[in-house]
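Naming follows writing order (A, B and C), and every chain is counted from residue 1.
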């Protein structure tokens, strides 16, 4: 599903060049539910952006869902994203002027579907994420954080993408809502066989994901270091993880 | 006891959103520019005409005539008026200072092919003594029955070929330019002066359009005017030159009303634009307002601070606008010697534009008004925010 | 839900700002429409009045150079002409000097032939010939002074030392007649002037009528040839060209007014661009998210531009139609003569074409104001946009 080899990404900050990613090689099989973890500035969001086609690598090869992303133009990437990737953000990023259902419908504007069909699929997606029907016509401002993130997840799955990427989806939620959102993502992974990549600080995610990749200073941790990092997360959680990492 | 928010804080806020501030200043500046240029034209017309008159001169015309282009005064009337008491005498010749004049409006053809009427004044040598502002900057006065012409500075500027020695055609013959006249920017500079005998034969009629006379220093101008009007044979009337030209300047009144209407409508539009900017400024600084209020600044000082911001923007616009207006008027004057307008005589006169202190003051008051109009509602919204609410709405 | 839903909802998001911006566009387009209609109002009036088979002859030297009255007889003899009349300014004022309006002496028997298009009633034409003190008066002037047919009025000339009593025998009727003119017989003037020991045996202008529009140029040429190298050379021209040269002498003023109109448009472009860029800045996160979802740059640009264009055209249409309505109303008020104080304000003449121009102009305003901020927002790479907002 996801093949990254020797991917680097640099940013220029004033006179300095910062290596956000330094020759990262990563392979994620289709149907996996994995987490990217690491301290701030470790490059995990940059990695997520590159494998979802939002950002482009300066060096290395990126191939996702059978498409070589290196060399695609900004617009070609946009078309590819619309078809193959569903995105979930920390702050939901719903359009405040559109109702819950309309927000979910938004990415379907990029398809050839008819207006009633778009509507039908949007409602279906909202049912999948478990939003109560009477909330469908509410504006985002009238929904709780958990509900808004459900709407955002519905928006991510409504185009039936191969890959769902989520950047800190529980970062702004209370514990209960965060658990529900993780459970929902896990369900999407199991029942609809979506490949899901999660960037998170939230140790609770360990209970749901099948693997954790640790990043530090732009590099993937491997071997002993990776195991130690996972154990450190497990300790903060204080509860044995539901599924084993790696 | 409320503390005022320092002006430096306001100024820094103005510069924080550069694009937004710059666009708003530009809008204000354009409005001020438009209004100021129009006003400089209005006051230019008034000045050009009013300065044409001499304080102690009277103009004699057919009763009811609004300008000497549409009046007729028979030669006999001139001969009679000339010896009325109370008229000043020429210090050199001792002759009465009465200038009989005939005006016609022949076609002049511009280089661009357009046609306009230029006021041609047939005069006798005494005219140069009666019109004391008129000076020959080059050359000399036309001699009698010589086909010679003196060209006003503004006419010479509009028709580049008109230099001393050049031949010009108007009316039914050719004329030779022998002088260039200047008259302090007044409408005489937009005229061509020739000998009246020449003009009579060219226009094929021997009568005057009007008389100009200088009242003796110790004489009663009103009594002299009554004396002129009293003679029923000629149906004449006399009025002070100043008053006559002030009436001519009434044609600028419409332009002034137009400018005011334009200024009001443009001003409302511009203050709406400023209001948008100020509402956005308030919105983006809700947290700051909350903090300031929490620190103990009063509603009034918040209001004053935002109003000051609007006024700073308006004043900047005013300064830029007036500077642009001065530049524009100087450029127009340099290129064209002013704006060619049509007088009541249907002749073309060149009006010099000058942004006067009065125009600049008007622009200043106008901008302050715009600043208040645009700033008051947003500023009072900012002042009404309670500190708790302001801090809460931060997110 | 479609793209339009998004545009519409976004416009309604900050109603106050949308309203203020639209209002300033409305006011500017109103102004520009009014300003544009001023010069074309004059032209339109004259296009309407100009008849294809009529032209005028004046002294080649200028309008205030007169022609001998005898020229009229010579012009009447020119082949191709069907009627001709002298037309001389009387400069008469009614009551007080400010009541100045155009009044002319004419050859009474020719009025019906020269101006058939005025549609003067046959009775009025007959009476005009019959009574030596008869006058025909434009409908506008009748209303201004509250005159009616049968009234006796006195005008004092500012040209001649005379004052004449007239009886109004008819009007130059709406809508085809000249609204302002006051016409009377030159023989009546001649009598009065002669009593003062003067002579009015001159003509200011001469109107000539021909049978067919195609005859106009050859007859004009024949007349000018006839008087070439005489004491009073003539220049014949059509009403339209006469008026156009009058308008060209006003060009200084109209240029200033047009320049101001241009400034108004630039100002409103700035106001609109400001609104557009404020809206875009506030929505940076949403725009970044739309990009991330896979909306291409052209779609984002289209959405943002559509919003500004809708605002501009909405505001502009109100302004253009408003100008049309208000100026039509002013013209109607001016035409009734009930409000003589309106003066030149009733001279604006807006046509539906001005409304089209106004809306076209607001479209331009929207494009120019919207394209820079929108293109900047649309062009920004999605990763950069996301980094800036999160």
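Keep in mind that, in the parts below, a residue touches a chain if its C-beta (ideal position, glycine included) is under 8 Å from a C-beta of that chain, and two chains touch if they have at least 3 such contacts.
Quantities reported herein were computed from a predicted structural model and do not represent experimental measurements.
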Where chain B and chain C overlap in contact partners, by chain label: none
Per-chain Cα centre nearest the global Cα centre, belonging to chain: C
Distance between the centres, which are taken as Cα means, of chain C and chain B, whole angstrom: 24
Geometric centre distance via CA averages, chain C-chain A, whole Å: 66
Distance between the centres, which are taken as Cα means, of chain B and chain A, whole angstrom: 70
Chain B-facing residues of chain C, complex: 16-17, 20-21, 23-25, 27-28, 30-31, 60-66, 89, 91, 93, 97, 100, 156-161, 198, 202, 231-233, 245-246, 248-253, 255-257, 259-260, 263-264, 266-268, 270-271, 273-275, 277-278, 343-344
Touch list for chain B against partner chain C, complex: 19-20, 23-24, 26-27, 30-31, 33-34, 37-38, 41, 61-66, 69-72, 74, 104-107, 114-117, 170-172, 202-205, 233-235, 254-255, 258, 262, 265-266, 268-270, 272-273, 275-277, 279-280, 336, 339-342, 346, 348
Touching residues on chain A, where the partner in the complex is chain C: 49, 54-56, 74-75, 77-83, 85, 87, 89-91, 93, 95-98, 101-102, 105-107, 109-110, 115, 118-119, 155
Chain A-facing residues of chain C, complex: 1-3, 5-6, 9-10, 12-13, 285-286, 289-298, 381-383, 386, 390
